[in-house]
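The structure under discussion is supplied below as structure tokens; questions concerning it will follow.
Think of it as A, B, C and D in the order they're written, each chain with its own count starting at 1.
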């Protein structure tokens, strides 16, 4: 665990594009060369959403959706006032970013890499898929995506450009009528390395299936964060089995957001 | 002409009045990419207890209007590992370090102060007396003048360094506590710690913090902090260190005008991790631009 | 199916739990273009004293982060003119009216309660005990349990109406004061009044308020208010009225979940003068949408 | 004193235009038919500057610069975060206004109406001049404007369209090199009714000159305001000569912002 702080920057980026790309979901491209150059898949940035105001006060954590050629892309859902304020930013506006933060996905060699994303959990997986393909072009890569319905399957075109994509929707409007976990059970046969991000119940389902099959599985967690850089100790997740010791908790912003599933859930 | 930005807390001379607040600056190292730690007046590390503490279950933090609530639960590695693992790194960073300590009993405080007294590279001890006294049924040391005075005495006796007593704002009359700790031998007083607050998630019907209540910090509490700094600075003769919602250079100057000899930056570090260093530079420039020769001219200069 | 939005404070039945807070709603008439006053649970008028008071010199208000400081100095027309000039107009508006009273001595409180007891159209008396007791050297009634109990007794004896005691948050343990006024015969408790704060204009070097200190209100103080409401509601058996930073429907629900039987809207009236009426409508809709039959189901339903 | 509350509205206006018109000064046009229809010269609106945020918390008082045909115009200087936020609003944005508020200028018959404005104090005078000209076209109207320098003489073209304008600047870059008070002494001879708005020292100078000549003089005051509608009692101005009685103070938002100079200053 533990990450190098030397590659973290406080950078004022320039909004290049900010547009609605799905229900309540926006995609923002930001010129931010330093953070982009240092970014690893699964890492995140802390975004300053308010100008000249102390409310909302804290930065908001958002995964790095893509980092390419000096341009950082974020994919975010408008759930509260911070993300609503972000959605109002326009081309040319300045935006303060802190990052890249956290420990991202570990890309080891594997016969078959399988990304499993649900809802907004797809955000970090596009960067991850892109990097797996770039770094290990000869290894197999499969992408499983789930959402409530067809129009909640985000960044689909982008994913389809890098690897075969299988879909599942709660309402059957696209792909399998069911959960992305069902898809994992059905579509992936031989041994695979799993990378998953999405709602906690989904990730727990994925992790439990992976454990049964003894596949490695990395999960990306979310918690409330104040600082995003290990200073506040606010972003804890409890680890079962470690009681009343320091090891009882991990900190999502520094020890994660990506963990081996076995570190977190038994 | 160079401006003298230094201030004094007891015998301890700080290069400038800008410090960082306990619990908001980790052990310093996290901020290396953003701040030259050796340029700060001092850093105050996260509160240290005799034994390691795991802290509270999550959620531990929640945002409020211009503020935040935290219930970290004083998670820390314990004094022994602090000394062996953290202090060498902190010494390398070249920062002036204040160690914040907390305990459940007078013996805890006494032992903590004694252990730290042998450790090199510590500029001062800051005593968090907002903690509950387990032997007195959980009443916080900081809310009772007699208890606050006893903790002060015990630490002052066990420590050869300046002893800063950090007051809780959750009291009827802060000046009574301030006078008690001054009388008991405190070198300086820092205030305020967080106000006690709460938030409820109406969807789940549960408190937003697993601990139910937490400490309110950030710009929201600044007016209360400034008032208490003014009251205490008008009451005691020892130096006062202002804390609470300080975010801008203007805030720093307000606190010094109200009577603070130095200030601590807390929650603002989360919003802008470079802020403490920026304030050092900004204060120097302000003093120069306003024709002042020394930072000390600001202390308590409010016109009533 | 219609939802029952009514709540009870002693024998007094309110159509709904939404009230407006003293000092933030004038005498009601100012809000006629924006709110149907008769649709509110009640309005609480600006604090009334025995004799007219001119109030403090300006500046009297200043904005802070998500809040404001005020030092109005309890300007009011005095009880006699209130009865002769203001009450007839208020009666015509058809609102349930709570009269907020304040004094410098027990006799003041006693006489105020007695005079108002003969006046028609008053639903309840709210007693502001944040005022300094001039005979006791200016210590606020609300910070001493024995003094708070005495004021409560005196007003309860002189009044045939529900007596609401409004607590000051500037105390170490709010539950001690709450228990004291409950024991002394209060019908209900309202809280919180403002936190004491201060701000300095660094350009002039003077406090931003002529009175030096003032009362902090608005969203900034909500977490502190909610915590105190929860603590008091968990301690006393009489109804609690929640006040402090309430701005949205979500805030209203949080306070009721924490144990408030009703709430008062203060500073938010300045931001949106129509807010109190909007909250009445919003609460009805929320209760319906969440499948509840009565507003009373919310009271104290937080899951700990 | 006392104004009718029946003609006050809480109205969501639409920004039609918002542009820089001078050093740190913007002009905003807002479609706001109800408030515009009820507005009188000298009245003001309370403007909500923050969306989805509690900081800045309070509305900001701004004078009605013009009110015509459903469109309300404001002229404002960016002095702090509220006015800076306003300056970022764009065409089509919604803005919540409360108004019209306060007691404006009283336009009685007079041989000669004279408006005396300094700095941003010209804001309410354009509406006043327009109304004097419309209601009393046969009476004489003169406008005296002052500013630090030429480019701080705001809305000059608009004023010149309605009446003869005399100028004074501190640096002599336009008109008289001096104060607008000097202009008043020099340019206005016969009896006149004075209406003034600007920095307090300027208005005090104008009022004292008017008193010497026994001319009627109305002044428009500013104070900190929380509510703008008489509810908070925060906006007091002290009246000399009335001690320890209720009459010691007036409230700028309800009793004013326009007062007979003699009511306020002795």
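As a working rule, a residue touches a chain if its C-beta (ideal position, glycine included) is under 8 Å from a C-beta of that chain, and two chains touch if they have at least 3 such contacts.
Remember, it's a predicted structure, so these values are computed and weren't measured experimentally.
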Mutual neighbours - chains that touch subunit B and subunit D alike: A, C
Chain pair, A-C or A-B, that carries the greater number of C-beta contacts: A-B
Euclidean distance of C-alpha centroids - subunit A vs subunit C, Å: 47
Mean-CA-position distance for subunit C and subunit B (Å): 34
Centroid spacing, where centroids are CA-atom means, of subunit A and subunit D in whole angstrom: 54
Contacts with two or more other chains, residues of subunit B listed in rising order: 65-67, 218-220
Two or more partner chains touched - positions in subunit A: 54-56
Category of the chain touch graph - line, ring, star, complete, other: complete
Subunit A residues within the subunit D interface of the complex: 50, 52-56, 81, 84-85
Partner subunit C, residues of subunit B touching it in the complex: 64-67, 69, 143, 170-173, 195-200, 202, 204-207, 212-213, 216, 218-224, 226-227, 230, 245, 250, 253-254, 257-258, 301-304
Contact footprint of subunit C on subunit A as seen in their complex: 54-55
Of subunit C, residues touching subunit D in the complex: 23-26, 29-34, 46, 52-55, 57-63, 65-68, 70, 72, 75, 77, 218-220, 247, 267, 269-274
List of subunit A residues in touch with subunit B within their complex: 5-6, 8-10, 48, 54-59, 96, 98, 223-238, 244-246, 248-249
